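Please go over the structures that come below.
Two complexes follow with subunit A in common, the first pairing it with subunit B and the second with subunit C.
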Partner chain A sequence: MNLDLIWRYAPSLISGFGVTILCWGVGGALGLLLGFAITLLNRLRFLPLNWLLRGFIEVFRGTPFLMQLFLLYAGGPSIGLRLGATTAGILGLCLYSSAYFAEIFRAGFASVPVGQIEAATSVGMAPFDTLIRVTLPGALIAAVPPIVNMLIILSKEMVVLSIITVPELMYQVQTMAAETFTAFDAIFAMAVFYWLLVETVSRLGARLEARVTAYLAHEESAA
Partner chain B sequence: MKPEVILHSFGYLTRAAGVTVAVSFAGIVFGFLIGAAVCAARLSRRRWLKRLGGTYVSVFRGVPLLVQLLFIYYFLAEYGLDVPAIVAAVGALALSSAAYQAEILRGALNAVPRGQGEAATALGFSGLDIWRRILMPQALKISVPPLINEFILLLKASSLVSVVGIAELTRVSMNIASQTYRPFEAYVGGGLFYLAINLALAALGGLAERRLARASGR
Partner chain C sequence: MSAPMIELAKVSKSFGAHQVLSGVDLSVGRSEVVCLIGPSGSGKSTLLRCVNFLEPYDSGDVRIEGRLIGYEDAADGARRPMSARKLRDMRREIGMVFQHFNLWPHMTALGNVAEPLRRVRGLSAREAAERATAMLTRVGLAAKAGAYPSRLSGGQQQRVAIARALAMQPRLMLFDEPTSALDPELVGEVLEVMKSLAADGMTMLIVTHEMGFAAHVAGRIAFIDEGRIIDEGPPRHVFHESPEPRVRQFLQTYHDRNAF
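Let's look at the complex of A and B:
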């Protein structure tokens, strides 16, 4: 691998990495919010709405992310939705990940023991207080490990955005490869870079998990 | 909106769906073979083999599939191996899926109670017989539902092989989009096919899970 080449292309590679991080952060955050909203709406137990949301989740979990991106970016204009590549990419990430996040939050809520909610009611907590102080903290803590996992999966989906020409890292690497005829080296460097990135994020995620679930270990040792 | 675009290209899409299923199935089968070897390496007592298996899983789960696919594609070209793109496509799917399947198999083997292997040893079973008659049948049974799940994930991931020009569902949807100038309908049509295949697979997975639950008397 020619280091000189990387040096020459450093500005575009750095900007590509910036776009990758931006899309990941914004897309993931919006996906978390939308997923959480879907879970809360589902808890209203209004049947037609539940069916609609179930359909949304099944569609976005049952089709490839790339197809969803094509539909948004190329198919959008024919239903009056004209988006730039990056906007389409971020919106696609948000919709795609929200379906998975909604399922994660649902499982989180299901994991809170009914006894805790009953106990809160019996000591006279208002329903809203029970939700905010009992159900929600328990659900969120149970959801942390799968959320971290999903964010890591999402970081790898970021390279798919290059196919709809979002100028993220993979796109810049392929541009560099095409301009300098170094496809093999460039992709190899990209693989190494991504491996290090995912390994680092996984380690940080494991640490975060250990932190928020520390009280569980404490409870177990006390029991 | 012109839904008839989907109807007109129904034949194309059906054939493309067949290619998608075939490519993913080949990926799963080869991935299972490689995954079994990786799992065996991870469970080996030799430390270098253990580490090799661990590194394999970490690399192939850490690098995005698209990067793996293009790497194999350019690797073959770099070393002058003139093979069709389908080899790179199935190879990338198999190598990537192998990392996940190795973990599924490892988890399943760990889920077989330790006492069973010990009981078999106490009864005088040989090491090979314990593997063949006690551990393997149970581990394979446990791993059927997650393997079907992995097949669904791989089927969706196989849309990426459109990038190297394999005429599967995503590629054919792109072609229909550019031929008819109706991208919205084309991608909705392709998406519906994916959805149908995945729902069928999920139903199959549910069936397998219930069967296994009944067979093991739980």
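Let's look at the complex of A and C:
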């Protein structure tokens, strides 16, 4: 392994890592918001809207991410949608992940015992207060671990963005490999960056999980 | 004479093809304690849940202090669902205690009692905490104010649930098998709280299998079977003088099971 080589390419690798984090962070956050919105809209039980959202989820879960990116980036201009590679990457990630996040939130809401909601109804609590104070905290307990899991999976899906020329880490690694005729060094550098990212995310996830299940942790520490 | 606290007239309800309630009439006066007893699946809980419209009834009238709950009858006789806001306004005057307590697990005992005061009654955090503390004291749990439900015994959880309903200062209270999910040695503490409520003049409609409690506290007992009240009267009448074979058979089974 040639450390000199990695050192020489460090600026472009770090910039690639930055682009990876940017696309992943922004795309994932927007996907979470969109997924949550889809779940809330579905709870309105307005049938035509339910079918529409169901269709959206089926399409984005049922087709490869790469295909969606191609359609968005290469096919977009034919319907007047001209996006830069990075913008297309972020938007694609948002749409793709929202379908999964919507399902995670739906399962989270379904896990809240109906009795807790009936208790809120019986004291005359308004639907919005019930959602914010009773249903959502319960739903998050079930939803946070799979959300963190999904975010980790997404971070690794980011390599696909290199195919539509987003200058993220994989793109830089491929450039480095092509220019220096070295495969291993570039790949090794990438592995280190990814390991750092995933490790950080799972640690943050564990803290978030501890936070939403504070009342259970309370029990364990008190017992 | 003012309207009874609860008045049910010809209340019917079906789940699909299965008729759960068939024209039930029942009246509960102010400060009266009425216990609903009967075999499981007879419609007791459904009937109770119709009183605060947690379960919508199909036909008949359920009136709280003379006011129809869940529907509005127009002048032309057509019946429309009541607006959600009006329904909430009526429900906040009706306390309900559930078989499985239904506390909010992510809130402390104090939080569970204070939450409706803040969101529904609009009290400040301080006022809500004060009233919640007073209610927890009343059910003997002031020392557990900071505990999460998972740290409390079933009996304690149910007493918190009673405090939560009571804190809203309801006009009447509904109890849906409040001791059925409890270990036998924890039943007494919940019944004690309910007895003290009855002594304070709270109007209570109680679905229960605690025949001893019903005999001592209820002013009246209604026996429900297959969606109908088949006998009704003072405890002495229902427990000892009922002409209904189904009532006698039910009580005999109960006695046999509890004899040792």
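We take it that the second predicted complex is superposed on the first by the 194 of 223 C-alpha atoms of A that agree within 3 Å, B and C clash if a C-alpha of one lies under 4 Å from a C-alpha of the other, contacts with A are read in each partner's own complex, and residues count from 1 in each chain.
In this text, a residue touches a chain if its C-beta (ideal position, glycine included) is under 8 Å from a C-beta of that chain, and two chains touch if they have at least 3 such contacts.
On a predicted model such as this, the values are computed, not experimentally measured, just so you know.
**Student:** Under the superposition described at the top, does placing subunit B and subunit C together on subunit A give a clash or a fit?
**Tutor:** fit
**Student:** Let me test your reading of the model: by the given contact rule, A:K156 touches which partner, first (subunit B), second (subunit C), both or neither?
**Tutor:** After superposing on A, A:K156 lies in contact with subunit B but is clear of subunit C.
**Student:** Would you check which partner chain A:F188 touches, where first means subunit B only, second means subunit C only, and both and neither mean what they say?
**Tutor:** First partner only, subunit B.
**Student:** Is A:I147 in contact with subunit B, with subunit C, with both, or with neither (first, second, both, neither)?
**Tutor:** Neither partner.
**Student:** Between subunit B and subunit C, whom does A:A139 touch in the aligned arrangement: first, second, both, or neither?
**Tutor:** neither
**Student:** Using the touch criterion from the header, give the chain among subunit B and subunit C with more contacted residues in subunit A.
**Tutor:** B
**Student:** Given the superposition on chain A, what is the angle at the CA centre of subunit A with arms to the CA centres of subunit B and subunit C, as a multiple of 10 degrees?
**Tutor:** Reported to the nearest 10, the angle reads 100 degrees.
**Student:** Given the touch rule stated above, what does A:V198 touch, subunit B (first), subunit C (second), both, or neither?
**Tutor:** A:V198 contacts subunit B only, not subunit C.
**Student:** Go through the superposed model and pick first if A:E58 touches only subunit B, second if only subunit C, both, or neither.
**Tutor:** Touch partner of A:E58: subunit B, not subunit C.
**Student:** Subunit B and subunit C, closest CA-CA distance after overlay, in Å?
**Tutor:** 24
**Student:** Under the touch definition given earlier, write down the residues of subunit B that touch subunit A in their complex.
**Tutor:** The contact residues of subunit B facing subunit A are 1, 58-59, 61-68, 70-71, 74-75, 77-78, 156-160, 162-163, 169-170, 173-174, 177, 182-188, 190-191, 194-195, 198-199.
**Student:** What residues on subunit C touch subunit A, complex-wise?
**Tutor:** Listed in rising order, the residues of subunit C that touch subunit A are 52, 54, 84, 88-92, 94-96, 98, 100, 102-107, 115-116, 119-120, 148-151, 161, 164-165, 168.
**Student:** Taking the complex as given, what residues does subunit A use to touch subunit B?
**Tutor:** Against subunit B, subunit A makes touches at 58-59, 62-68, 70-71, 74-79, 156-160, 162-163, 170, 174, 183-184, 187-188, 190-191, 194-195, 198-199, 202.
**Student:** Under the stated contact criterion, what part of subunit A meets subunit C in this complex?
**Tutor:** Within the complex, subunit A touches subunit C at residues 113, 115-116, 118-127, 129, 133-134, 137-138, 141, 214-216, 218-219, 222.
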